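Should a chain be cited, it is by its letter among A, B and C, assigned in written order, with residues numbered from 1 in that chain.
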Amino acid sequence: MIQSKDDFFELVEQIQNSAYYREPLGFGIARVDLGQKSGRVLQATFPFINWQENYGSAAIFQKALQETGHIIPLDESEVVFEVSKNFVAEAISYCTPWLDEAVGDAHKNVQVMKYLRDLPDEELANYRVVFLFEDAAPKSVEAVYLKLYALSSGKAALRSLNLDGAFGVLPNVAWEGRKPYELEWLRDNELRLKMEGAYPNIDAVDKFPRYLQHIIPADNTRILDAAKVRMGAQLAAGTTVMPGASYVNFNAGTLGPAMVEGRISSSAVVGKGTDVGGGASILGVLSGTSGNPITIGENCLLGANSVTGIPLGDGCIVDAGIAVLEGTKFFIAPEEFKKIKEANPEWDAEYKELFKGIELAGLSGVHFRQDSTSGQMKAFRSCKEVKLNEELH
Amino acid sequence: MIQSKDDFFELVEQIQNSAYYREPLGFGIARVDLGQKSGRVLQATFPFINWQENYGSAAIFQKALQETGHIIPLDESEVVFEVSKNFVAEAISYCTPWLDEAVGDAHKNVQVMKYLRDLPDEELANYRVVFLFEDAAPKSVEAVYLKLYALSSGKAALRSLNLDGAFGVLPNVAWEGRKPYELEWLRDNELRLKMEGAYPNIDAVDKFPRYLQHIIPADNTRILDAAKVRMGAQLAAGTTVMPGASYVNFNAGTLGPAMVEGRISSSAVVGKGTDVGGGASILGVLSGTSGNPITIGENCLLGANSVTGIPLGDGCIVDAGIAVLEGTKFFIAPEEFKKIKEANPEWDAEYKELFKGIELAGLSGVHFRQDSTSGQMKAFRSCKEVKLNEELH
Amino acid sequence: MIQSKDDFFELVEQIQNSAYYREPLGFGIARVDLGQKSGRVLQATFPFINWQENYGSAAIFQKALQETGHIIPLDESEVVFEVSKNFVAEAISYCTPWLDEAVGDAHKNVQVMKYLRDLPDEELANYRVVFLFEDAAPKSVEAVYLKLYALSSGKAALRSLNLDGAFGVLPNVAWEGRKPYELEWLRDNELRLKMEGAYPNIDAVDKFPRYLQHIIPADNTRILDAAKVRMGAQLAAGTTVMPGASYVNFNAGTLGPAMVEGRISSSAVVGKGTDVGGGASILGVLSGTSGNPITIGENCLLGANSVTGIPLGDGCIVDAGIAVLEGTKFFIAPEEFKKIKEANPEWDAEYKELFKGIELAGLSGVHFRQDSTSGQMKAFRSCKEVKLNEELH
């Protein structure tokens, strides 16, 4: 048993210099929901995650695994082990100097160990030790969830993680609140449950859970309908997601306070101060764009029922009801062209009457409009300053 | 008591030749929720339904009804009886040879009878025997539900059933999960419930329940928000309904894997491989069309925030943000007209510059667009092949 | 103790003539949910509210407050007191003549007192006496809720109440059904709750509750998704709110039966018989309009995915997919101008070819359309009569 903090730090150094230690990208202990029929993992709930941090705890956990016969292969990008009584006992024995201090925000990994120590043995089968060593395509439900937590907690940047194949890894389940049901189990038990009046009230059937099932947003963030934000989305403090036609998919979201009344498709990112109007669509790589993820800059206004299929810089306006797609042709008057160039000195373009949407990608200060007298699509220098309503909605 | 399977088959034949037997279109036993104030039926939950099948069970149930004094009128399109202790005893006595085998997927009607046999007598008032003999306008809540089950389970084709007057038959109730409350009862008890902190959390007020309150979708079907699909909708395996601006009404849905991010109004049907983009509207006979239900073919793309008010064949594209209505005039260039004719040899049209939407109804391979330089609506031969993202969203 | 009804009326008159009595705009007793960490009020549930009515009960409550040491300042626009045992005893003693009659719809304030009388003392901390004397900016959570109740119950007209600063007064909380959680408390307890598998299923994070968490709609009103209507909205009997892209914000709603498949932004009001099509947006003062709240008249049709940023009179049609904004220019043919003038004799305009949207604000019988052959926006006299489908959806 480790008795002093100095001994603890020495032990950690020793472990980190040992052959079996691998520095993790992220790790944590998860509580898992198991399939009612298959017994496979349906959902992993992390009380918190470690992401490029807390390497001392990582070392301790790895030693405890090693000592209890759980070998971490050197060539795997991730590992998942069932929590065992011995693992907990070992880990706790190394953490003795911290046990009393581990409350509130301090030493959360130790808090988790204390919690596991006090559990009846048979409950341990519901917990997993999860390590992610590289950002490879995730192979386990637990690894996918660890990455979704990293994105949604803001510890990893949007689009920074490899989620290839995540749809294949996650099982499609029926959600009654936070509880996932295997569809096959529901089928097997449908007759009985319905006759008994005990059939569950299913909120959704999906591979992904909802953001609010796992994440506590910032104090000034609002999500009026939990169904609108998928786990893996990232919402900066001060973001409001209204319940009309809005939606924020995984690996998409906002970088600052923003009003979201429209759709932020997977891979799309919206800057601070931007207003995504009611029913506005920002296309994503999974549908609509030609594979380029869309970034919308700061203080933009995407009008109600507009569609944006190109990246925008700061201070742009897309008028209500129009579609700005890669192939849409916009007329630009010579004087407006000059002003747009001034606002975008790095823009290397010669004047011509018509520009395709893709040629205007990423420019700041552009106002996109359909001329109501001619039906022609036009772009010009935006002159209104976009400001989010301070009180929001 | 019937002792052997042969005796059973003989009995069934006997019944089917008797004067009182009527071959049903559909039948089943439902568990019902009764009005807290009125005692009338608010919801009928079928553990499963029989639809043009299992006539042996139908015969047995009819004899058991007959023997216990429940007369089935010969001129009614439907009947509903409260389940009685004697009815169950009779039915069970005919089913003796199957009692042991009736587990899992086998002999579900017998399983239901076994379940009812083991219930305390006073519980039987919550169950109903429901027979539908013809596809007439439904008269009872139970008959409406039986038809909605037939549609949503895929046992009856969309638009194939008579639902006239269903809105009049179903009571409007407040739903707390799967539990319906009578509004009048809530009013009577509002003061007490609120003072006690026991006021229910109402999810919806509607005549129809939600699809997922009664139906288990296929393993690869996803519905990210249960509120988005009404009971009576039909979703083919592989359909994904996203939570943004989407909605699938009763008697509407998909015939194959499809991505649904828009609205499929009542009576509208979408073919396999089609992508209903974010906020796209397909109009229905209850609103928007001139009474003709809209079918969208296979592998079509309805762009984000588009509106489609005419039927489409296969491989059509409606650009984001535009409305294709019966009266919308589309310019077609002579060479595009030729190509569209080639793709639609059965299309009997002479060339002209402008075609109304209704004149293009049902054609395959048409791309609808608004010219961004002139504002003119145009139709031409689509050249992109629409493919659903394999991984979907 | 007051023994007779005459004594009661005399007492009321006495109180109303006393120096401390203040005639309230609205008042009521609320059950409150208290912050798990801060103890502050998170939500106030009124079993019913008194709004410019029941001044006898108001007098009684004020005397009971006065006699038990709760002084009502003469210069405050609102007061909130914790319900005390003595207050209840006093109030009950004045109401003796009504105690037996107070059941069902009769004497609801007395019913509330009886309920409080029978509560264990320690429960009283969850109840508040709330008085609103003037329509000033609300200062307490209870006062905001009282006003939202007044709006949603239809006792106060939409836009008639001062809600300035309501967003600042209401705490942002996580809702699990009707139960609000303080976000800070959730953070403090996240680790434990997740380890225990007891983490709540959060439906929304917002300052406002949902309409259906507090209000029982009329028998023929339907709200297919509770998330779509915020508390403080007003829905006239016969209104249907579909679950696609719809939304009704606080201080917005309908004045008669209406079909709502689109967004009614805060401050927007929709007249009877009007159909707000799928995805249609009516802009609000918090976003989109230049500060003028929008009223839509009766029997209008706002087409699917249309955007309306100006007020409309009766019988107007906005075609699917178009945006009618203050600055949109509409061509009007001379003969159509004449017809529109006939339908709007009070309209004081000279003929010109192009009218801005704002110049057409509030006119009746106008049809707004984009010409599909030229892309030009046009306005003309509407000739279709808009009728809501009798059976609705």
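One rule holds in what follows: contacts are C-beta pairs under 8 Å (C-beta built on N, C-alpha and C of every residue); 3 or more make two chains touch, one makes a residue touch a chain.
Everything quoted here is computed from the prediction, not taken from an experiment.
Two copies of one chain, chain B and chain C, touch each other, and the residues they use overlap weakly: the shared fraction of interface numbers falls below half.
Rotation relating chain A to chain B, from a C-alpha superposition: 120°, rounded in steps of 5. A separation of 34 Å divides the Cα centre of chain B from that of chain C. Across the assembly, chain B contributes residues 227, 244-245, 279, 305, 321-322, 370-371, 374-376 that each touch 2 or more other chains.
Those residues of chain C whose C-beta lies close enough to touch chain B in the complex are 31, 45-48, 104, 108, 111-112, 115-116, 126, 177-178, 212-213, 216-217, 219-227, 242-245, 259, 261, 275, 277-279, 303-305, 319-322, 370-376, 389, 391-393. Against chain A, the residues of chain C that register as touching in their complex are 167-168, 172, 174, 183-184, 186-188, 190-192, 194-195, 197, 199, 201-207, 227-228, 230, 244-247, 249, 263, 265-266, 279, 281, 283, 286-288, 305-307, 309, 321-323, 325, 328-331, 354, 370-371, 374-377.
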